[in-house]
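Mind looking over this structure? Questions follow.
As written, the chain order gives the labels A, B and C, with residue 1 at the start of each chain.
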């Protein structure tokens, strides 16, 4: 980076919205997201689905489209209740995830703030839409409650679907806890709607482990609300026939058979990737960083994302009791991938363990592709199909590998 | 800190986006010159110098300032015309974004999908984009850097453009006027425009009238 | 957008190429009585196209664009195919996203415009080919009708996949030999107009584009009804002369044959009784406006 991101200056960038301080029709005051986080009250004890509802309630969402698939159905239905209470301007059930993501795209093309949820096979059925969303610069937020995708059918937690999201051009974040999910939903809108970013966000969490268990969460007061989306700051024209140019196709084909068309298309893809890069600055300002670290000066590290991090943290406690010291890197944003942060955090590590809730080990691959001397990376342990990952299993695997 | 510098090309068969090379956009009150963050004031003077030193300085107004969709657009158009007169610079519009190749008349218009054609045809060595949607501006800036030796600038109404060699952010009528003032100040200090003689193109519904 | 927002800033007007100056000076934005007769006498909203010479789809496109009651407040949704090669050149904002999801896009778009502009009429019009409407997109086409989404769906029916080189489609007639139907299509042309009626469309018309006044009337009816009642559907026969082995000048004859007695495209129109009554009122209003205009001229 040519410039260190100044955390102290973050309010300047985020508080420029003209409507800050005004009230919406639900009598909520438009508030800077950092101020909302600062105003969080006493902890509540909620399921992840309820947390999604409560985040959406203060996120100023205009339109949400729902479709049932476990384990996101409850959250999608609870958002419907918010609509009935008047918090959203429109809400309906689509006919399939492919259609739902199209309906979300239509609403976003028309200048609305759009939120939806999906999971597992739904993510894959919707998949054709995701690179389209990114290429069309639509800042839609989808919460992905990860579950199994392969036959035989399983509704249980499995993060394999995230591997498919990595090269869609979307921002991909991974929440570890219900608190993360709450914070990521609010921060997510503010980051993905920045004019220089303006990309869709897949806010992923591990199904059931996060959605269906109860956890303590600190929430912003419900009389506050994120400032509304301004479609006229979009990097591409909003399709409402209220802004120029009127002769505008979103998005015109560049597929004539010549170098000019090819290079335009390639440059378009580069611009989407560039926008992913630009999100770093805003994400760091709101979330305080793309990763969180604990004791990364240690020789053994656990590096992962999602609930694998929670289990890793427990494993570290177990190992600590046996005198084995292990550090931790929690990755919050998978896209953009925190290259610099991970390089620095793993600089001194001799053993890097990457526990994952999928059989592909995509996170380990990402890390191996990034760091020098990648034989340091141990891909595992892996579980899938709904299996839990006992912290003892992680601890045992670490001990076995290092010969302790 | 990135070592990459956003400089005029021709850079590569497919030049990288500056963001992917680690260039970060300026914060409010700042601008960037070749990827280095500077106080805005410094960038006004540098932009004015670049314009006056150019043989074919050119302003590319985009749809947001060409079309009278609100009063602010009209005021910006007025400010842009004054800037063009002050330098003096050619005005070549980007009226919309539909791909026009091969039908484009590169002498009188520019298109984000193949902006290099307009740069090459008119031998433009310094240009500024103003009133172009950010996505299309980035496409154009990167393609120009890839294939031409033109020094690109952006007067961006949002967060700025790392793909330009020099970029302002939060553009407004006032900022366009400040750029004009910077040009006039340099001129009053004796810096002369190196622009080749030209007549501003004038068009009506029948075609060129000047 | 009101017509007076579609103008060029005065200080930069003289650098704008003629096509834009024409658009501002001479296009028929803001005139609800615009129609096919403006083609050739005013600036068309379609600047150019890359369709084949003599393609009936190109003339269909021109009639449709000339007949929109409020192009200044209309947004089109298209799909992949020959139509999407024309849309970049159309002076009405429009969306292409994926192949077949046009009615899903339109559902979200119409709802967004409705909540963002509650006091304005914003027309959303889907214009897609038969492959997009009936085959890959049928689910979303029908579901938008079931949900009573208030927009118009137009299907340019050329009875095959033209842009990919002439493959069998659901709207192809039985027995026709084409790519992917090497021994001839084995099942009947899908009865889309009837399906539309049964699926909740309040106004349905099926016709060729041989008679521009009919196209204009059907389009205006469909859009006016969609504003007030719910989904409407128009199926237009736009034969792909290239893929059915016709010459450039034979498109019109092909359409005339298809709409003659016993043909696949004999004019048909369905409307509920309420809609019929509504359209009669609208007709009378239009006639009154015409009369007023005439007397003002005299």
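The definition used in the following text is that a residue touches a chain if its C-beta (ideal position, glycine included) is under 8 Å from a C-beta of that chain, and two chains touch if they have at least 3 such contacts.
This one's a predicted model, so the numbers in the text were calculated from it and none came from an experiment.
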- Message: Going by average Cα coordinates, which chain is farthest removed from chain A?
- Response: C
- Query: Pick the pair with more C-beta contacts: B-C or A-C?
  - Reply: A-C
- Task: State, to the nearest whole Å, the distance from the C-alpha centre of chain A to the C-alpha centre of chain B.
- Result: 35
- Item | Euclidean distance of C-alpha centroids - chain A vs chain C, Å | 39
- Message: Where in chain B do residues touch at least two different other chains?
- Response: 66-67, 69, 73, 95, 98-99
- Multi-chain contact sites of chain A, meaning residues that touch two or more partners: 237, 242-243, 247-249, 252-253
- Note on the structure: Expected list for chain C, residues touching two or more other chains, is 1, 5-6, 88-89
- chain B touches which residues of chain C in the complex? 1, 5-12, 14-18, 20-22, 25-26, 48, 88-89
- Task: Give every residue of chain B touching chain A within the complex, in rising order.
- Result: 1-2, 4, 14, 16-20, 22-25, 27-28, 32, 35-37, 63-64, 66-67, 69, 73, 95-99, 101, 113-114, 117, 133-136, 138-139, 142-143, 146, 158-160, 162-163
- Which positions of chain B touch chain C when the two form their complex? 61, 65-70, 73-74, 76-78, 80-81, 91-93, 95, 98-99, 103, 105, 108-109, 200-207
- Query: Where on chain A is chain C touching in the complex?
  - Reply: 62-63, 65, 89-90, 92, 94-96, 98-100, 102-112, 114, 128-129, 132, 136, 237, 239-243, 246-253
- Query: Across the complex, what residues on chain C touch chain A?
  - Reply: 1, 5-6, 23, 47, 72-75, 77-78, 84-85, 87-98, 101, 104-117, 122, 139-140, 143, 147
